[in-house]
Every structure is written in structure tokens, then in C-alpha cells.
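Dropping the structures in below, format is C-alpha cells.
The two complexes that follow have chain A in common; it is paired with chain B in the first and with chain C in the second.
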Partner chain A sequence: MFCEKSVELIRELHRMGDGQLPAFNEDSIRQVLEEMKALYEPEQNQSDVNEAKTEGKSELIPSIKFRHCCLLRNQRCISAYLYDRLLRIRALRWEYGSVLPTAIRFHMCAEEMEWFNQYKKSLATYMRSIGGEEGLDITQDMKPPKSLYIEVRCLKDHGEFEIDDGTVILLKKNSQHFLPRWKCEQLIRQGVLEHVIS
Partner chain B sequence: MDALSYLSVPPGIGMEENFFSLDDILLSHERLPCRTESAFPRLGFLEKSSDSRDIPEGTKMEMPLWLAKGLYEKKRRVLSMELPKVYREGWRTVFGADPAVVDLQKMGPYYYGLGSQMLHFDSPENPEIANTILQTFIGRFRRTMDSSQNAYNEDTSALVERLDCLERSLFKSGQSGLNSFQLWEKGRSSHLTASSLVINYRKRKITDLQA
Partner chain C sequence: MSDASDLSGGEESQEDVLTPAELITKLEEAWLNEKFSPELLENKSELVECVMEQLTHMEENLQRVRKGDVKASVHRMEIDRIRFVLSSFLRSRLQKIEKFFPHVLEKEKSRADGDPSFLSPEEFAFAKEYLANTEVYLRTVALKHMPPNLQSIDMLKAVPEPCLDSFVFLRVKERQENILVEPETDEQREYVVDLDEGSQHLMRYRIIAPLVANGAVQLI
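What follows is the complex of A and B.
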């Protein structure tokens, strides 16, 4: 049957329901596109269409419609695949910040990288345009803050880290610090720091 | 719980399908028994049981829902659809007796979705099918809701085992509501946590290494 390959693409995303980004499956996409070409191919489909038109062979219409449905189905699957991936990539900007780990970047195709960069830019432009002179970082304070400073513990060596007043602190594994909340929110989300509640 | 920034496209409601929804695409891949009412010239290679060039009229075959929906016409009979077993009279009686005993994961897993989609095809049994689906949902909903609201911090695999996809997603929202409420009660809702995406990604990397 046709359109098995394109559903495979959808299954692949569906299996990772939590928003992980699997590697871009270029191979399958190409196979689906080839199948679509074959469905549309001049030798068979087009000759059927011509015969139906010029010679009034209406008995060919069901087969033509059959192929047409398959083409539309493949189109739907591929669009949904690409669109769902974009949703996932957009989420990455909010979860990881503007710089993605290399392992994840390897899972994106060139066009997706470009889209991600454009999205980053649009978001940055928007954030600069609101909240007065300095702009407003809307990826901060996803949960309403209760205090300006929080206690955090380092989960891995992260190197030096500069805070507002210019002090440089060393984020060493298992060290504990009392830092401005807005400075560490991103690092907590990335799993570098852990929020300690006493 | 974490407010996830990735939300997949939700499935359509009722008889509608959502074009981009992964769930709806998988649902429309379910196979339905049907009979061709006209020949399909030059597509014989799709039917493995025969060697002829065409698919002749009157062939019994299974077609995915998307194809059946595309080919089906009310005026010109190209296909006639048969009901899958779960929607037939016999099973409808079972659902009427006690909807809670049926394993919809095994019978479906898109019992409600596929049932609503079957209404696209003209069948004299349509009103009964619609009614059975509705009554089944009503009959099972209370238990689904109860269990999702009361299973805190425990293994839920036994609870969701027999649920249909729709019921599973309801169960999941119930659980996430319950978890958020518990966090709030303990005064931990402002606790900052690592993104679940990051955590899961790391888990996967470890398993990749082991493999």
C-alpha cells in the first residue's frame, strides 16, 4: 500500500510525545517525495488522466482519484511532520535558551537551523521593544518569584560566572551559592544548578 | 508540574479531523474492511492475492480510513464500507451491558475517534453507533476521572492499561492537575526545577551510551 513510509515519520514523532527532537529523517522524507513523484508520474497517472479526458474513459476516474488521495495523504503527513518539529524547536528556545547543545543542533536540518535563528531574532527584537529602555526578558520568571535571591547548589562544574555587581564566582560541583534569582533561572532549567529550599 | 512549552497539535473534536494533529493522522491510518463497488484499473498490484492488472469490482479489501474517506461518495458508489467488529450489533450489546469491562486499548485504541469517523459513511446503523459511543464514554468517564484524581505518587500503568487514547489524554491532564495542586499545597509551586526536556534528554543520552 502507498503512504506507509510517511506514516512512519509521524509514528517516530508520536513515540517521543514529551517534545524531544529526534534526528531529522532526511532519508524517509526523500523516499516519500519519490513515492509522490511516482504517483504523479507522466507514464501512468498522466496518461490515465489524458485518456479519461479526451476519450471519455470514465472508468479510469476511480484509479486517478485513488492516486490523488495518496498524494494528498503524503502531503499531509510531511507537512505535519515538519510543523510538529517546528513546534518542538520553538520550545527548545524557551527551555534551553538561545544557545542549543551541539547534540541537539545535529538533529536539525539546515532549514530548521535557519528558522531557529530567525525565531531567536524575532523574539529578541520583540523583547527589546517592550518594557522601556532596557527591554524585558519574557523568558524569565516563568513561575512568579517570591524572593530576589535564592539558594542554589551546583550539579556539575560550570566554570566562572559573573553576577550583577561584578563579582566572579566559581560554579564548582556540589558548591552552594546564594545568587540573584534572575541570574540562575536559566541555569536551573538547563540542569546546571539545583534550587535548594530549606 | 512543569508548564511545558511544547504542546502538540490537539486532535480534532467529534467528526472533524485536525490536519496537523499527529494523533489524527495515526487514527486515520486505521484499516477498515470494505468492498469495491467499481473497478480500479491498473492498480491490481496493490492486491497481493490476485495477479490481475486491475482491482475488479466486488473485491473485499482493507483500506485505511483516509483513503476510504477520500474515495467514498454518497452519490456514486465506489466503495461500500463494512463496520469494524467493535461497532457492530454484537459488541454494542456488550458495551450496553457494562462499558467498563471492555479493554479499549486492545479493541481500539482509537475507539471513540474511529467511531465518530465512521459516521461519515452512510449506514443505517449510524444513530446506534453514535449513541453507543456516547453512552460508553459516559459510563467509563467517572472511573477514569476518579482514578486520575486519586492516584498520587504511584504507578499508574495498571490504571491506564485498558483506556482508549482519548481517555488516556484525559487521565494525563487529571494527573498533571493533581500534581500541581499537591505542589501548591506543600508550598513548592515556586520551586524552580530543571526543564523536563533537558532531564529526559540526558536520560536518553545515558541509554544511548549503554546501547
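What follows is the complex of A and C.
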């Protein structure tokens, strides 16, 4: 049955909920592209099409149409698969910041990495241009501020950390601190700090 | 905001000079409208610039306050809140630009010269880069390996349009008369409603879209 492989690609993404990014399925994509080449060959050789046109063999037309539908479906499935992955990768920029964890990077192909880098650059240029001066980092302040200071626990060693009034805090694993919320947001998202809600 | 002074408009004087309180109210209205509208609304660059100026001003004032003073905490919270609303507003816009990028660009291209722009110049540049980036990616990974007659995709058809028929909650700021409402089912017929000032309604966005644009209703 034609188009099974391409639908399988879609199902694979559908199974991974929550915006997780599975490994780039290069094999399946290659197989779908080969199937498309095989489907196109009769057209390429023009044999079927010519016969249908010149010799009036209109019984070939349904098979020409059928192959064309399969080709379109394959194109659509592949595009949907690739585009959905791009959307997941885009979400990673907002979730993790500019540097992606290595585990996730292994799941991306080189071109996806390139797309991600370009996207990062575009986003940075845009953010810098906000308001006409230094710009605004809109990947911060994702939640409405509830309190000024929050209790955080350090999950990994992160070294020294300076806060606004100049004091330097040493972020050692398992230490707890009472820090300004806006300074901790990104570190919390990266998994370095953990918000302690007592 | 008692120690922030009035802002001078960088805008044309259709509006008088806005007090900081009025500026923040306008920001919140724009934020809610953008959040609840299914499509991208008119861009508000001047508002964004003014708010950024206001924030810088407040940060400077904060430096001058004695450390540990209770006032400092309250001002800090205020700055954080305003910055959150502004960030959320700009994020809403960016998300819609990314989601509907071919349509947003098409709308901007076919706009008449006198009409207000939906995208700020920076948003326009971002949208164009996003389109180019995505097209190059799709072409490199898949499309160029496909048969010759399938090597391009019409982005306008491939990417869904915003659903203008989604329902939105709204509050009426200026009285409107004779708004035409389309029938929902076959048995109904179209009818007109009058929207009284202060009343709240749940309607399809498409009907009241122009009223959002001119400020007659507020999405909630």
C-alpha cells in the first residue's frame, strides 16, 4: 500500500505528546522519497502519459491520477512531519533558552540545528529592537509576578551568582537561598535551581 | 507611580499627553485584546516605546530610593508587573506572527499605502526571516529530493488561517447600534442587536472585529 511509510511518520509524532522531540527519522524519510521517485517514474518516462494522450488509451488515466494522489499525499505527510518538528524545536528555544541540552541536540538533524540557529538570531534581533534602546528579553517574565523574593534550592553546583545590589551568592548543590524572583527565572527553567514551595 | 512625571508624546497629538496611569491602562487593554483575539491586531509601536521609557524611568527612580525602604519593594513589584504585561503582549503578537506567517505577510503586502500597518518594521523583518528560514529548511531536507512537479509548497494553502469565527467575550465601551448577527442554525434568521455601553457579550469575533480595531469594544 502506498503512503504507509509517510503516515507512519505522522503517527510517530502523534504518539510523542507534550512537545517532546523524537529522533529525526532519516530512514523513513528516505524511504518515502524513494517511493515518490518510483511513483513518478512512469510520468518521467512519459510512456503512460503519452499513450494516454496520443493513443487515446483513457484507461490509463485512473492510474495516472492515482499515482499523482499518492505523490501529493506523500509530499503533504513529509511536510507536516518536518513542520511539526520545527514547531517543537521552536518551543525548545522558549523553554530552555539559547543552549539546548545535548540529549535533545542528538535528536535533531543538521538542517534542523541550522533552522534553530537562524530562529535564535531572528528572535534576538527582534528583542533587541524593542522600545528603541536596549530592547527587552521577552523570554523572561513568563508568569505573572506573585512575590518579590522566592525560596530556591540549588540542584547543581553553579558557582557564583551576583544579584542586583552587588552581593555574590555561591550556588552550591543543595544550598537554599532567598533570592529575587526575576533573577532566578531562567535558572529555574534550566534546572539549576528549584523553587521551594513550603 | 507618584514620583513618575508625565510623559511627553512621541506620537502625533491626536491624543493629549498621557499620564502614566493612562498609559498602563492602554497597555493592559491592548494586552487583553491581543490575547483574546484570534488574529493579529494593529501594531502599537508607540505604546510599546512609551511603556519602555516609563519602565526605564521607574528603574532610575528605584536606584535613588534608600535600600531596604518598603517603598522600594512596592515599586519593584510594579515594575515587574508592567514588564510582565508588556512581555506577554509582545509574546502574543510574536506567536500569532509565527503561527500565521504566510497570511500575515500577504496581508501586509496587499495593504494600501494609507492603511495602518499590522506589523512593526521589526516584526515584519522577523516574519520575513521566519518564512525564508522555514522554506529553505523544507526545500533542503525534502522538497528538492522530490519529483520536479512537487518541489514547491504553497505556504498560503499549507498553513491554516486564523479562525475568525471563534467566539470571544467582550465588554462594550461605546454604544453600538444595529450590529448584524448571522444565524447559527438553519432555523434561525439573521438579526440585529444593539450593544449598550458597559454590557458584556459572547459573540463570534468576525462580527465585532472592526469594533475591536477602533476601540469601541474591549475583549475580556
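A few points about this structure:
Methods note: the second predicted complex is superposed on the first by the 178 of 198 C-alpha atoms of A that agree within 3 Å, B and C clash if a C-alpha of one lies under 4 Å from a C-alpha of the other, contacts with A are read in each partner's own complex, and residues count from 1 in each chain.
Everything that follows uses one rule, which is that a contact is a pair of C-beta atoms (placed from the backbone, for glycine too) under 8 Å apart; a residue touches a chain by one contact, two chains touch by 3 or more.
Not measured: the values here are computed from a predicted model.
When the two structures are aligned on the shared chain, A:Leu72 is found in touch with chain B and with chain C. Contact with chain C, but none with chain B, is seen for A:Ser129 once the two complexes are overlaid on the shared chain.
Of the two partners chain B and chain C, more residues of chain A are touched by B.
By the touch criterion stated above, A:Arg90 is placed in contact with chain B and with chain C alike. In the superposed model, A:Gly159 lies in contact with neither chain B nor chain C. When both complexes are overlaid on chain A, the residue A:Gly191 reaches chain B alone and has no touch with chain C. When the two structures are aligned on the shared chain, A:Pro144 is found in touch with chain B and with chain C. Within the superposed three-chain model, A:Ser63 lies in touch with chain B and out of touch with chain C [touch as defined at top]. In the superposition on chain A, contact is made by A:Met1 with chain B only, not with chain C.
In the superposition on chain A, the residues of chain A contacting both chain B and chain C are 44, 72, 79, 83, 90, 142-145, 181.
Of all residues in chain C, those touching chain A in their complex are 48-49, 51-53, 56, 67, 73, 76-77, 80-81, 83-84, 86-88, 90-91, 94, 98, 122-123, 125-126, 129-130, 133-134, 137-138, 140-143, 145-147, 150, 153, 158.
Contact residues on chain A toward chain C in their complex (touch as defined above): 29, 33, 36-37, 39-40, 43-44, 71-72, 75, 78-79, 82-83, 86, 90, 109, 111-112, 114-115, 118-119, 122-123, 125-126, 129-133, 136, 138, 140-145, 148, 165, 181-182. Residues 1-3, 7, 10-11, 13-14, 17-20, 44, 48, 59-60, 62-63, 65-66, 68-70, 72-73, 76-77, 79-80, 83-84, 87-88, 90-92, 94-96, 103-104, 142-146, 150, 181, 184-185, 188-191, 194-195, 197 of chain A touch chain B in their complex.
Looking at the complex, you find that chain B touches chain A at residues 3-9, 19-23, 25-26, 29, 38-43, 46, 64, 66-67, 70-71, 78, 188-202, 204-205.
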